[in-house]
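After this come two complexes, each holding subunit A, first together with subunit B and then together with subunit C.
This part shows the complex of A and B:
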């Protein structure tokens, strides 16, 4: 085994929550609101249901091979050459999505908090910290997350509670004024966030109870959906139709908070949520990338790969996109089919093939 | 790079040890039959030291037999020797004849010597070792054997309340430098046959007595074996304080966080043993080591368990807040000032800007400078004699604080902040060695990356902390990995009757502390049940 540590199902669920939640809290509200307007919350409910389905699909595939990751069992299912190809696709996917997240992360930190710092410095700093966590292993990552997630969730709840005075429920009306189509169209970009349960394809072999991974993943998706719903409701009731035009509605919401004119400008809380949660997200994808490439290359230890891949991620996150506009265009539109086909499409195919093989095996 | 340095350091240490610390031969030299020769040899081995006393005399009236007492002045109690050894030896044989002059030891031990502990020895090394412990050796003419009589009675400090762990409520006694006193203090707390003391001798020159204390049936056997193994592995010439032992047995010698705890109070040690920990009592120091040592222990004090739960819980949170303040506040201040002034509330911003008017140093340098100054004053306050110590505080408060602000060398907010940092740092004395370093680390990061840097620094510290282990137990347990049943002694301090099981990370044996079937005070009857 490459990874000697085992994590509990709760730890895995918590990792999943932080992985999906952090970025989606910041980016999703305005992405959905662009199409769904005041009905964004219905989109979230719909996409959460789909997210549950995706989680079910991914974990039921993983549970069939409780001691192996997708890189290893795709070779069994598809044969060596084709399986290796699928493994390569996953490695590239993890690297690509992580470059994406890192660029998102750095741009956010840069534009809002460190306007004069060069992009590369911010990127290198976060990748360095992530590399340290990844090198220390999955157990360490899961434990750090156990400390971070409660803080992140507490900060989100706190920001929502303190914004209560600025909220107006009438902003949610009229409900479904333009029918269901905009709602579904709005839900579309949210799909890639909920499909991030695909990291479970790599993590299931390291769970203490791999057989019960489904419930952990489903609970995680539900928690994410709930918080997502709360945030969307919060920003929609506060800003109404403006949400679509604000890049980071959650950040804007925390900026408006003012309690007795003393507690105000609570951006540090957003900063905290973003850096802490973003760190977990980046580290989880980084870990998946490192582990999957080690498995693809049949290495005995994944740690020699950490630094080279870290360098690759720094490079990728800076070179692949010219500016933020390109990045946000991709995340909203063009990248979604590719991500979804890797995150959900390939597992669906693999599950389909295993089922067929199982059924055929039973007949014989 | 770091690992490389560590490896180099280990290699250097190993090479050095091989050349210098040759194992001493602990041979066994039998005693002669000739009394004079024995005494001569003892005197020579000790290099004619002035504190060794030889007292020769005769036993019996009809067939007198030459004998001699040897003891070390100051270690042995003279009145015990006079009253319980010499007196009976001289007087007893006035009436009773010496039964068997060929082997007098038996008669002496059985019916003459009025002492609770009399042993025999036949080797010179054993005899010398007993002498150094304050015992007295009785040698006879024509016998290659000596009686060792317990006469320990050296001066030692009385049992006092320790300065380091003062309490408002709770026992006031503290450990002393005497190992025996310390074990007795612990026995008096835990009257149970399962309380075990394992003795070892560490230090090839000093031969310091070290005692491993634990409760059989509560401490996990694997842990006991592990600690014993680490203790017996130590090869060093001297052990002058328990810190020497700590350095050898700790899991992470290159971490700023201590993975071995220490205490000066028997009630605290008893509490730790009852949680499944082990104590290492070292002769010559009141500081007793406890292992495994977890991070949450620094947030706990003995008084939490003696006072009512509401106050204890509040104190826990004050300590957590103090921990965050003393490590993070200066960094937060620096990052807000240098990178994010827009985040400071407007009213406060104006005041702070006015205070900073004309201050020459950048905020980061100013903060580091004041922090260094405070550390210097603290160190000076500890080292200086008490009367002089006061002048340090006057100079610190008036000259450095007040005058520096007036002169415009430092800004008032920085001084206030250094003050808060200083006060909060005293709330967690156990972390006093780690926190100043963390503070500087975070301030430096704040100077480079602002809040972003501070958060990254916190993440690095967290990653380091969750990866640490103390004797196999995760350092941040029960927070990470989360053990929900353990949180009632970390974030909350529930009443004693609600702390039903022992910390699960430490031991799985004998988990029930409180019998849950015995009802706790019923709220209906007017008692506060919480």
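This part shows the complex of A and C:
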């Protein structure tokens, strides 16, 4: 076994929450509102339901092979050549999505806080920290997350509570004025976030109770859905149709806070959520990328891969996109089918084949 | 080895600084800016604090004004900012900016580009007050006020105190932009002007009064005080202020009422002419703070009649605002927004021609005004000689027509 540590199901659930929540809180409201306008919250409810289905699918596949990751059992299901190919797809997926998240992370910091810092400085800083966490192993990562997640959630709740005086529920009206189509269209980009439970495909073998992975994943999706719903309701009631125009509505909301002229400008809370949560998210995907490549190459230890892949991620996150527009265009449009087919499509196929095999086995 | 390395790392972290750090004294903190249109160029005026000259209370001295007003020009806002920066020799810091004053000329040409610039900026904050100035915004920023060290401070103080007198709406960038993007709502903003002070030869004073009316991002007209009050009544922003009620018997005698609270509700129903009809309900309560010798203030019936009188006055104010809105074809009262929210289907039919349709809307105004308290005294102190001479005549009830009839259904008229 490459990873000797074990994490509890609760820790796995917490990791999932932080992995999905961080980026979605900042990027999703505006992306959804571009299509769904004031009905964004309905999109979130819809996509949470789909996220639950995805989590169910992913964990029921993983539970059939409680001691193995997707890289390993896809070889059993599909045979060596095809299985290795699927493994390679997963490795590339984890690397690509991580480059994506890292670039998002740096762009956010650069646009709003460190406007004159070079991109590469921020990128290297975050990858360095993540690499250290990944080298220390899954158990350490899970425990750090147990410290970080409560802070992240608390900050989100605090920001929402302090913004209450500026919210106006009238902004939610009219409900479904343009029918369901814009709502579905708005939910579409959210799908890749809610299908990020696919990291469970790599983590299930290291759970203390692999058999009960489903409930952990479902709870995680529910918590993410709830927080996302609260944030969307918060920014929509405050900004109305402006949400679609503002790139980071959650940040704008925390900046707008002013309670009794004393508590003002709480954007550090956003920064805290973003840096801490972003660190966990990047580390989780980094860990998956490193572990999956080690398993693909049949290595005995994944640690030698950490630094080379870190370098690759720095490079990838900088050269793959020319500017922030390409990045946001991709995430809202072109990349979605590819991500979804890896996150949900391949697991569905694998589960389908396993089921057929099980049925056949029973017949014989 | 490991321990030493970690100690080294911790120590190293102490030596690090920010990439683009800039010490406070190397920065120019901008408190407020004014934007004007001069010819084809944008003229940006900034009020920059001079930290050394801002003295605490009790301290005396300090050389000249505690702030410095500087300008920059350019065809775009950024060019104007850079022009200003070269003239000040320091890095300009916009994150403490509290007010944007837009000159009338620029406002008529459209303030969209200005708002876009500050919306886009990394340090942009949507809780920045937006005001339109009569004449040049530069003049506003150059005005000295007596109590505040910095005139932007005076503006923000005025804005905060606006709920005390309700003479102008308090609109920040966030609200303005939200109005702009909401269907069926024309934006408004506070109006600020300078006027010579009352004492002879005194310096100019700032006044935050009236409201600017926009179509999209262009200033079209402004509301006078009465119309502004109507706007505030209708939008539920009238949080405090004075309403003057003439005595039922004698118009020259005036009651002064301090409004402490108000609420408003807009309802959309089907109207007779096929168009939606709006029902606006305004509720307000207040306390009597000044009473002339008129009527019996201890009589609840008389108070009721005063309340009715007040409701009538408020209604007139609202009607003034309404007729202005109809004349301008500008829906700054948010009637369209209300229809859009309640009846989106109907709104999609009305929207293309809204500015023409809007004046034809039927609007029903219901005002409910309450007088809660009358202060520490009952009736005003009578003039001594009058008491002696007219003691008996005074005892005769002042049976004015307004309260000898029931002021409200079911009123018990106490015979005197």
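In this text, the second predicted complex is superposed on the first by the 364 of 364 C-alpha atoms of A that agree within 3 Å, B and C clash if a C-alpha of one lies under 4 Å from a C-alpha of the other, contacts with A are read in each partner's own complex, and residues count from 1 in each chain.
FYI, a contact is a pair of C-beta atoms (placed from the backbone, for glycine too) under 8 Å apart; a residue touches a chain by one contact, two chains touch by 3 or more.
Note that the structure is predicted; figures quoted are calculated from it, not measured.
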Review point. Is A:320 in contact with subunit B, with subunit C, with both, or with neither (first, second, both, neither)?
Key: neither
Point to revise | Partner, of subunit C and subunit B, that touches more residues belonging to subunit A | key: B
Check your understanding: Touching A:50 in the superposition: subunit B (first), subunit C (second), both, neither?
Key -> neither
Point to revise | First, second, both or neither for A:158, with subunit B first and subunit C second | key: neither
Review point. Which of the two partners, first being subunit B and second being subunit C, lies in contact with A:140: first, second, both, or neither?
Key: first
Exercise for review: Tell me which partner A:276 touches in the superposition: subunit B (first), subunit C (second), both or neither.
Suggested key: first
Check your understanding: Regarding the shared-chain residue A:265, is it in contact with subunit B (first), subunit C (second), both, or neither?
Key -> both
Check your understanding: Regarding the shared-chain residue A:114, is it in contact with subunit B (first), subunit C (second), both, or neither?
Key -> both
Practice item. Could you look at A:230 and tell me whether it touches subunit B, subunit C, both or neither (first, second, both, neither)? Key: neither
Exercise for review: Enumerate the residues of subunit A that count as touching subunit B in its complex and touching subunit C in the other.
Suggested key: 113-114, 117, 121, 261, 264-265
Review point. Which positions of subunit C touch subunit A when the two form their complex?
Key: 18-20, 119, 122, 125-127, 160, 174, 177-178, 181-182, 340-345
Review point. How about subunit B: which of its residues touch subunit A in the complex?
Key: 339-340, 342-345, 347, 449-453, 455-456, 459-460, 462-463, 466-467, 474, 476, 479-482
Study note, to complete from the structure: Given the complex, residues on subunit A that touch subunit C span 111-117, 121, 170, 173-174, 177-178, 239-242, 245-246, 252, 255-256, 258, 261, 264-265
Check your understanding: Which part of subunit A faces subunit B closely enough to touch in the complex?
Key -> 8, 10-11, 109, 113-114, 117, 121-122, 125-126, 129, 132-133, 136-137, 140, 142-144, 146-148, 261-262, 264-265, 267-268, 271-272, 275-276, 279
